[in-house]
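Structures are listed in the sections that come next.
After this come two complexes, each holding chain A, first together with chain B and then together with chain C.
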Partner chain A sequence: MTETLVRPAVDSPPPTPPQRRRKSGHHDPSRVFRLHLPLLLYLLFTLVPFYWMLVFALRPTGSTALVPWPMTLEHFDTVWNGIGFGVFFTNSMIIAGGTLVAVSVLALMGGYALARFQFKGQRVFLLALLCSQFIPGAMMLIPLFVIFREAGLLNTLTGLVIADTAFQLPLALILMSGFVRNVPVELEEAAMVDGCTRLRAFFAVTLPQLRPALVAVGSFAFIGAWNNFLFALMFASKQDKFTLPVGLSYALGEFNTDFGALAAGGVVAAVPVVLVFAVVQRYLVQGLSAGAVKG
Partner chain B sequence: MRTKTWAPYALIAPTLLLMAVFLVYPIGSVLYYSFQDYNVTQPWKNGFAGLDNFRVMLFEDPLFWQSLVFSAKWVLVEVGLQLALGLVLALIVNETFVARGLARALVFSPWAVSGVLTTGIWILLYNPSTGIFQQLAQWGIGDAGTSVLGNPDTVFPATVVTELWRGVPFFAIMLLADLQTIPKDLYEAASVDGANRWRRFLSVTLPHLRDAIVLSTLLRAVWEFNNVDLIYTLTGGGPANQTTTLPLYVARKAVDSHDFGYGSALTVAGFVILLFCSILYLRLSKFGSRT
Partner chain C sequence: MRRALLVAAAAALALAGCSSGPADGKVTITFWDNNGGPGRTPIYEELIKRFEAANPDIHVDYVGIPSSSVQQKYDTAIAGGGTPDVGGVTTSYLSNMVGQEALVPLDEKVDGGPLKGKLLPSLVETVRQTAPDNKLYSVPSSGNMDVIWYRTDWFAEKGVQPPRTWDEFTAAAEKLTDASANRYGYTIRGGAGSVFQLLTEAYAYSGTDSFFEGGKSTVDAPGNADLVEKVAALYKKATPEADVNNNYTQMVAQFTGGSAAMMHHNLGSYGDVTKALGDKVQALPLPVGPSGKRTVVPNPTDGFAVFRNSENQDAAWKFVEFLTSAESNSYWNEKVGQIPANTDVRSQPWIEQNKPVKMALDVLEDPATITVPAPVYLPQYSSITKADSEPQYQKVLLGQLGADEFLKAMAEKLTTAQQEWEDRK
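And then the complex of A and B:
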C-alpha cells in the first residue's frame, strides 16, 4: 500500500534534479530572506492556530499551560459521549464515504467519456460542467429545500450524499478527464487487438493507471462532503442526523464557555480531513498541473 | 476512437441527471419563485406577485444594499490578499529545500478545514482571556485589549485574517501546479540574456501564470461571495448586520422567516450581479487569449 502511495502519478512532470545547480547553490545568503524566513513566518501563521486548539483539547479545564502536560482526555469524553460527537462523527463518515464512492464512480465514467469519445453535445456538456462551478450552493438553498421536502429526503443521510455528490461531481469529472487523457490510448487499443472487449481493456489496462487519480478525486470529494456545512445545517435538523460541522456550530453557540470541549470537538472534526489532505495534496498539484488548470 | 454512439451518453447520463435535478431545475425555480409571494408561514397570501419582490428589494430594503456592499468589500479584500499571499507562498514552496514535501503538506493543510472548524479554532485564538493576545501581553508584547470579534473596529480585519488562513493555500496550490509546468529552459534563456531574478519573474513567471491567476481568482471570488459557513459562525452577520453578506441575508430570509419568494428575488439579484461581474472580468482580463 505504501508503495502505491509513493509511486509518482502517471502524469507527474519529469522529476526535477534533486539539487538545482546554481553558481550560488544552497549557500546563497539571500535564500534566508527570500525563502527560509517567509516560510517560517507562514508556518507559524498556519500552525499556531492548530496548536492552540490542540492545547485546549488536551489540558485540564482551568489550566493555562502552553504545553498540555499532564494530558487529559476528559474533553474528548465530554464531546464524544456527552454532546454526541460520536454520532456526528459516524454521520459525517457515512456521508463523506458515500460521496467519495459516488463521485469516484461517476467521475470515472464521465471523465472516460470526455477523454476517449467524441460525441455530439460534448462541448456543451463541458461548458455546463465549468459553468456549474459558478453556481453557488448558498444561492440554491430555497429550491433545494423544496426538492428535498417533496422527495422526503429531509433528515436523511442519503439526501445529503446525493446533494454533496451533485455539487462535487462537476469539478471531479473535469479533473478525472484530464487524468484519463494522460493514459495513452494505445495501451487500451493494444489490449483490444489482443481480443479484449473495451470494458475488459479498461479494467485491465487503464484503471490500474488511474489509481493515483482516483485517490486524488476521491479524497477531495471526501473532504468536500466532510466539510459541507450549509446543506447539513438546512437539510438535517434532527440531532441524530447532525454532521460534525453542524455539531460544532452548535457547540460554538451553546458551549462557548467550555473551551476544552469546543477544542476537542474541533480536533475530532479536523484529524480525518487533515490527514487525508496531507497524504494526497501532491496528487492534487500533479493533477492540476497535468492540464486541468488549462480547462 | 470509433465506437458505438450510445456509449458516451450512457456514461454521462447519471451526471446529466444529477445536474438537471440539482443545478438546472433549482435555477429555474428560483427564477419562478422570485415572481411569487411564497411564504410558508403565510400560505393564504401566496400567489403571483409580478415585480413586487424586486421593487421592495431595490427601493425599500436598505439591508439588501448594505449586504451587497459588504459582499463586494469582502470579496475584493479577501481575494486580493489571498492572491498576493498565495502567489508568494507558491513561489516559496516551488523552490528546492530540505523537507519541502512536509512544508507543503503543513502550509496547505488549512485548506482541508471547514469554515465552521476554522471559526472554532480562531475563536479559541481570539478569546480575550485565554487567547493569543492575552498570552502575548503576558510576555510583554502588545496589550490584550478587548475581544477582537466583539469590537466593531476590529471585527472586519479579524474575520479577514481568519479566512486568509484557510484561503491562501487554495491559491498556493493552484499557482504551484501551474508553476510546475513552466519549462526550465525559459529561465535559463532569460538568465543568459542577463535578466535578474525580479526580471525573470516579471517576464517569464507572471505571463505564464496569467490564465491560472485569472481563473483561480474568479473561482475564489465566486466562492468568497457565497461564503456562508465562516461568517455565519464567526460573527453571525453582526454586529448590527455589519458583516451580513448577501447569501447570509438570503439564508436568513429563507430559514428564519420562511419568505421563499423574497429570498428568491435576492438570489436572482445575486446571480445577475455575479454573472455580470464574471463576464466583465473575463472580458477585461482577456482570458484564454494568451500570446
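And then the complex of A and C:
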C-alpha cells in the first residue's frame, strides 16, 4: 500500500508544470482580469439558460421563485409518464446509437479508402461529399419520403437510422480520411513487411491510432441524430415512434404552453448530450484540429 | 435486372406494410390531430374509444402532430403520397391543401346524413369561402372568435362599465390606467401576430363588410385608418411601453401578470386567462364603431377533412360524422372552451356556464352580425400581413409612420395578390 503510494512520487518527474502555472498566476494579478474574469462572465452567460431551464423544471407550477425550493419532480413525472418521454427517450437512444454505429463503421471503411487508395473519380467524389453539405435537410424530405414509403420504412426506427446516417456520413467521411492520413503509412508498411496482411495491419496498427477519430466522429453522429427534429417528425407518424425533439414540440400547444413540462423535457433531452460532451470533449478538440495541419 | 428485383422487393415490403387491416375484417383508419399535445390528446383518445366501441369493425390510429409543424407535415405527406385518412385542418392552410387536390369535397355527405342543417352557418360559410370552388372540404368542428378579455375586479374598483363602442373602449382604457402602480388599461400586441388582430379591430370599427370591393382591397378604407390611429394613440399612454414587441405569450403575460386591464385575443386563451385570474376575468365582443354594425372577421375555423388517397373513405367519413355529432362536439368543445359547430350543442348546460363561449355564440348567431372572412386563400396573405406589415405597424405605434400610409401599402399588395388569384382561377 505504502509502496504504491510512494513509488509514483519517486518515479515520476517532479510536478513542476502545475507549480509553475500556479506561480505565474500569483505573480501576475492582471491575469485575473485578462483571463479569469472574462471567462467567468462568459461561463455565466452560457450557464444562465441552463439554470433557467432547471428552475422551471424543478419548481411547482405557478411559482416565480428564482431558487427552485421547495423542489418538485411533478414536471418530470408529467413528461416521462404523461406525455410519454419514456418511449421518446428509448427511441432517441436507439436511433442515435444506431446512427453512431453505422456512421462509425462506414466512415472508418470509407475514410481509410479515401486516404490510402487512389481511384478514378476520387476528386469528384470528395467534391460531391463536400457539396452535399450545402443541401439543407428539408430539400431531401420529399424524395426520401417517397423512397421510404416504397421501401416500407416509414414509421420505423430503422428508417430514421438510415436517414440520419445518410445525412451525417459525408462530414464523417471527410473527417475520418483526414485522421487516417495523419497515421503514417510507414507503420502499416512495416507491419506488412513483418508478415501482416493489409487487414491485419489495419486492425493491429492503424485502428488503435484512430481511437480519438472514432470518438469524435461517433459523438458527432450521435448528437446529430439525437437532435434531428425534421426527419423524425416527417417520417414517423405514430406516437410510439416519436423522438425527444418531436416530443418537446408536442409539449408546446397552440395557445397553452406548460413551461414546467417543457423545461423538464429539455433537461431530459439535454442530459445525454451534456454527458457525451463531458466524456469526449478532449477527443473532440483533437478531432477538430486533426487534418488542419498536414502532419 | 437487379433494379427490377429491388423495385419488386420494395413493392412487396410496401404491400406487407399496408395489409394489416382487412385480415381480421377490421378496417384501420389513421387520424392526424393538427394540434396534438398533452392538453388535447386525451380528449381525442376518449372520443376514439367511444367511436371504436360503437363501430367494432373500425380501428382508429391516432397521431398527434405539433401545431407548429403541421402544415409542413401535411405538405410532405401530400407530395410524398402518405396522407392519413382523416385529418384535422384549419382554414388557414385548407386552401393550400385543396389546391393540391388532396381532399374530398364533403357537401353531399353532410347533406345526406344527420349533420344536415346542424352546422353553424357562419362557420360553414368560412370554410366554403376558403376553397376556390366554394365547396366544403372540411366539416367545421369548432369556432373561435376575437374577444376583449377584461378584469371584472378592476372595472368594479374604478366604476367603469364594460365598453360597447370603440370610444367607450378608449375612455375605459385611459381611466383604468395607473402608471405609478404599473397598471395599464390595455395591452397592444405589437409583435408577432399583431396585424391579424389589428385588422379584426379595424373592420369591427369601420363596419366595412368585405375585404375586397370590385377587386380592390378595403384594408385602407378611411374608417380602418381611424381605428389604427386610435390604437396607436393609446400606446404608452394607456399601455405598457414594452407592448411594441409583444407576441402572444408576452401579451398574455402582461394581462395575467396583472399589468393590464384589457387584452384583445380570442377564445383560445380561455385556459390561460382563467387559470391565472379565475372568475375575475370575462370576455366582451370587440366594440362596434360609429356605423353601429357588428362585423366579425372570423378566426381560422377548425374542422375535419377526408383525404382523397384514403382507401377507406366510408370509414373515414363515419369517423368525421362521429366527431362532429352533437355528443362528441359538445364533449370536445366543453373541454377546450371553444364554440361548438354543431347547433344541437347549443342547449347543453355547460354553454350557460361558460360565459365567454355563450357570448361568442350569441354574437355569431345574431342575424345582424356580418362575417367578413379574411382572404386566407391568397398564397401571399400570410407574408403580406406578417413579414411585410408587422414591422411597419411597429413604426406606426412608435409614431414614425402614418396609419394611412401603412394601410395603403398593405392594401396595394393585397389587391395585387387578389388579382393574380382571380386570373389563375
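We adopt the following convention: the second predicted complex is superposed on the first by the 239 of 295 C-alpha atoms of A that agree within 3 Å, B and C clash if a C-alpha of one lies under 4 Å from a C-alpha of the other, contacts with A are read in each partner's own complex, and residues count from 1 in each chain.
Convention: a contact is a pair of C-beta atoms (placed from the backbone, for glycine too) under 8 Å apart; a residue touches a chain by one contact, two chains touch by 3 or more.
On a predicted model such as this, the values are computed, not experimentally measured, just so you know.
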{"item": "Partners on chain A (chain B, chain C) - clash or fit", "value": "clash"}
{"item": "Chain B versus chain C as contact partner of A:T78, first or second or both or neither", "value": "second"}
{"item": "First, second, both or neither for A:Y112, with chain B first and chain C second", "value": "first"}
{"item": "Chain B versus chain C, judged by how many residues of chain A each one touches", "value": "B"}
{"item": "A:Q239 touches, of chain B and chain C: first, second, both or neither?", "value": "second"}
{"item": "First (chain B), second (chain C), both or neither touched by A:Q281", "value": "first"}
{"item": "Partner chain(s) touched by A:V273 [first = chain B, second = chain C, both, neither]", "value": "first"}
{"item": "Touched partner set for A:I142, first chain B, second chain C, both or neither", "value": "both"}
{"item": "Chain B versus chain C as contact partner of A:F33, first or second or both or neither", "value": "neither"}
{"item": "First (chain B), second (chain C), both or neither touched by A:L43", "value": "first"}
{"item": "First, second, both or neither for A:A163, with chain B first and chain C second", "value": "first"}
{"item": "Residue range of chain C overlapping chain B upon superposition on chain A, of 7-15, 43-51 or 97-105", "value": "97-105"}
{"item": "Chain B and chain C contact sites that coincide on chain A, given as residue numbers", "value": "141-142, 145-146, 234, 246, 249, 251-252, 256"}
{"item": "Residues on chain B engaged by chain A in the complex (per definition of touch)", "value": "1, 3, 5, 7-9, 11-12, 14-16, 18-19, 21-23, 25-27, 29-30, 33, 88-89, 92-93, 95-97, 101, 103-117, 119-125, 127, 130-132, 135, 165, 173-174, 176-178, 180-181, 211-212, 215-216, 218-219, 222-223, 225-226, 228-229, 232-233, 247, 250-251, 254-255, 260, 263-264, 267, 270-271, 274-275, 278"}
{"item": "Residue ranges of chain C in contact with chain A within the complex", "value": "10-11, 13-14, 16-17, 30, 32, 35-40, 61-69, 72-73, 76-77, 79-82, 84, 248-249, 268-269, 271-272"}
{"item": "Residue numbers on chain A that touch chain C, as the complex places them", "value": "78, 82-83, 141-142, 145-146, 149-152, 154, 233-234, 237-239, 246, 249-258, 261"}
{"item": "Residue numbers on chain A that touch chain B, as the complex places them", "value": "13, 16, 18-20, 35-36, 38-39, 42-43, 45-50, 52-53, 56, 64, 66, 106, 109-110, 112-114, 116-117, 119, 122, 125, 128, 132-147, 162-163, 165-167, 169-170, 173, 185, 189, 198, 223, 226-230, 234, 245-246, 248-249, 251-252, 256, 259, 262-263, 265-266, 269-270, 273-274, 276-278, 281-282, 284-289, 293-295"}
